[in-house]
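Multiple structures follow.
Below, chain A partners chain B and then partners chain C, in two separate complexes.
Moving on, here comes the complex of A and B:
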């Protein structure tokens, strides 16, 4: 630190004279929890059950727990790095400081694509849910889902535009309701309160692993759905009051919540729905928790889980808008993208141009692309991001060993979590290749093309001398 | 006309109003404040101001 003056007026952003209008630091650990769990919980309400179709109910449970290990490693690594690199952009900013510009550009794009695609998928799902409600209430015609899809995106974009505190407080409330719905369904149908309806032994007999261990491997692809998006907590790093405390606390509490919710969800649905029906998420059980509530025979549970499904969908889309806009904003601020995107609203203190810019992109995908393709692109972008994390933490510990900078959280057993994460990512890549090989190759081709564009054209505009704004000592060996 | 048809129209209308609000506010902000102020945000501000990093 000795050779850096953190209050210099000459070094960009290194002192109180840099920022005139910045993001607002108003969030606490509960908002971080709501951001992470809010994005993910929709995966418990729908989507995870494709894993059952790939390999049966037990395969889905194994995938759930292996993916749980993957995301625990992600949460631990993220908590350490982001509580130290506490800035908007999350993994993009981590990559910029620790690995290099080309990796940062790619990670930034993974983030924006993963979250914008997931937002589009959630809006499509919300439109579908509203059409289901219409038919349940006796509407006989064909409901036009488009206005409801657009309304979801517009309303949540407006909420994000108006301020981060209201946005994530909204997420906190609806995510908590959606989580409580799963708990209440478990208590009501498992026999703890009143009579149970679970039939695991009868439903599993003769169908333990219908496609053998290759089915378990194939199920890993959809095992990610139980947790996909928890790493989004890092995007709020520049808006929390105490990054060193709130980020690790919110992220680790979030992954624990999801491990509980995922296991309960599997237990509930696999104990009531036959695996052939549960595993077909298109023509069979689109929303397994809701279907379980229907089979319980309770009208109250039916409505509670119906609202839970809708709230989980809205919370996910809301968090995705928040995260995609922060990643886009951070890239604009460093001139990885046009600097125009790095603007902050002087009253609402949000990255308003980035929020508005991503609205039409989400609308195009929500209205014009098939749901499975949108989700696959989101998962693949997320998977690339997770593969970057082990490399990131190993370089982080090597460049800035323990004791050289202040860390909000120090994850244990390094480098075991990094090695485990890398191994599970390799396994999931193979699983994805089994089912979506063409999309995987196409997406990697896309990122190679944009990397070449960045290297040969865009990099000349990057704020090379001023992008490293953390008041850290020089890395070891430099 | 059924309730759900009315809700379809309402969804179109509310969406248009929200989009209009954001567009008008965006243009108003951009014309009121200079680009220098709007894009002045820098990362690491909290650490630079309040935290001490000693090797």
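Moving on, here comes the complex of A and C:
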């Protein structure tokens, strides 16, 4: 099989695998921003507040900023590797070229499960929001949320099936509206425009650190939720017009956007909602920004934040379908999974079989598991992936030292970001252990079992040398 | 290294592979749930017999916000007093660390063996 430059602007994606049609290169930096921020922004609208429940409001703020450092390291590392390994599958494809097939298989599964669980969590939230709208508009019964959960997942899967440009342009519009809603809420309630309703000092009185410093560590678990999924920008690598420019720009701009949105969200919600209510995402505040708008007394803000919450959940679910299907597709294309999944739609140029296959999987989780469990499953998959990243960049720099291959972006201060990332991941593992140790062990047990299945069974169907598709020289040390 | 020619997989075998993977995934999420081992439930250590905002540790501003949200001291009782238990044993912590380290060690070791095959076939010895 011939070596073809996958970063070429003259060919579509999938060229190196010998297929007749590939994914379309139609996306720009704004789409990358919309994919990354679109997936994550829902984390400000729901889910992050479990961190408040774990350790109090101050603990959630510390978790927000420490997680911000973690994701800055992730974005720096990812931008360098992805702008060089510009292919669908993102970190899966990176691992395949840098670490080895079994790690790549695991990373591919982390990606699929992190995004599919996040998609399920979004659908659950969308169903909840529609039930709130129903009660606000006079419906007195208990609304069955399940049809709406199914509808959300089916509609977005259909959109993804039809084409990536429309999918991510839709994401760009609704993500921008959802982000603007946070800014407008901040301007309207913080005292900048009109009277403020923030009461941080009185609300924190007597509850500054309700669990002490161990609560701060525990809060790190859900601190990831502020940013979880920003690394998904890499999944579009094979569909952007200029990977070397669009990916670093879109990803780093996305992290900055999220750091601002996360801090504003914490400030708004903790200044209005008592911490016990804010921190209980099941029996208390399911959608904290929406609850904050509710207490502002403004009907306009209430509706704006209601739409903001709905748009954020839709944007996230939409981006998750996009990313999970690309990871699944990339693994199918390499035969890490049945090759049937590695097909591209002849007309819409999307990985349509992977998109369709993951719909019932998302529905199983959305309809069958509680929200915090689904979020935890997603976070754990993300955490395992972030722990892989420092190992990945250290091996990347060692096997292809600077100057031996062309990098689209070179991140500064190596290996400091890798070491910081590893240290924060260790802290988050401890935080997960404090509350969800059983799930952590169950999940790692799952990955060990599927790894053995891959190594001793599945890998026989994978061609050895041809899976290495990058036009690089032989790695140092081999 | 000799060129490795992967066998062609039948449709039935592909289907079985997918079913195995899905079953394992669903199991990893639902088995802890079914066995009631999932998550850390909050508990109320010292319930209040006749709760008031003061006895629940709420100042006037905090109480006012709860009332705006539609709560009374009775309905907010569990929400306010429930706490997580963060106690743990060092033995359990060591087991978790060992599981994580073992997992990554296995991944890197098996991957390295496979990676050497890939590089040998791609670039030659």
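Everything below uses one rule, namely that the second predicted complex is superposed on the first by the 459 of 478 C-alpha atoms of A that agree within 3 Å, B and C clash if a C-alpha of one lies under 4 Å from a C-alpha of the other, contacts with A are read in each partner's own complex, and residues count from 1 in each chain.
Methods note: contacts are C-beta pairs under 8 Å (C-beta built on N, C-alpha and C of every residue); 3 or more make two chains touch, one makes a residue touch a chain.
Remember, it's a predicted structure, so these values are computed and weren't measured experimentally.
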Check your understanding: Which holds for A:453: it touches chain B only (first), chain C only (second), both, or neither?
Key -> second
Exercise for review: Look at A:93 in the shared chain and tell me whether it touches chain B only, chain C only, both, or neither; answer first, second, both or neither.
Suggested key: first
Exercise for review: Tell me which partner A:25 touches in the superposition: chain B (first), chain C (second), both or neither.
Suggested key: first
Practice item. For A:344, decide between first (touching chain B), second (touching chain C), both and neither. Key: first
Exercise for review: Counting touched residues of chain A, say whether chain B or chain C comes out ahead.
Suggested key: C
Practice item. Look at A:65 in the shared chain and tell me whether it touches chain B only, chain C only, both, or neither; answer first, second, both or neither. Key: neither
Exercise for review: Mind working out whether A:267 is in touch with chain B, chain C, both or neither, as first, second, both or neither?
Suggested key: neither
Practice item. Considering only the touch criterion stated at the top, classify A:356 as touching first (chain B), second (chain C), both, or neither. Key: first
Check your understanding: chain A residues touched by both chain B and chain C?
Key -> 339-340
Study note, to complete from the structure: Within their complex, chain A touches chain C through residues 53-54, 99-104, 106, 113, 199, 202-203, 205-207, 210-211, 214-215, 218, 272-274, 276-277, 280, 283-284, 291, 295, 335, 337-340, 357, 361, 364-365, 368-370, 372-373, 376-377, 387, 391, 429-430, 433-451, 453, 455, 458-468, 474-475, 478
Point to revise | Residues of chain B defined as touching chain A within the complex | key: 2-5, 8-9, 11-12, 14-15, 18-19, 21-23, 25-26, 29, 33, 35-49, 51, 53-55
**Study point:** chain B-touching residues of chain A, taken from the complex the two chains share
**Key:** 1-2, 6-7, 12-16, 18-23, 25, 86-89, 93, 134, 137, 139, 141, 143-144, 147-148, 150-151, 154-155, 157-158, 161, 238, 243, 330, 333, 339-340, 342-347, 352-353, 356, 359, 404-406, 469-473
Study note, to complete from the structure: Touching chain A in the complex, chain C uses residues 1, 3-7, 9, 11, 14-15, 17-18, 20-22, 24-33, 37-40, 42, 57-62, 65-66, 68-69, 71, 76, 78-80, 82-84, 86, 88, 92-93, 95-96, 99-100, 103-104, 106-108, 110-123
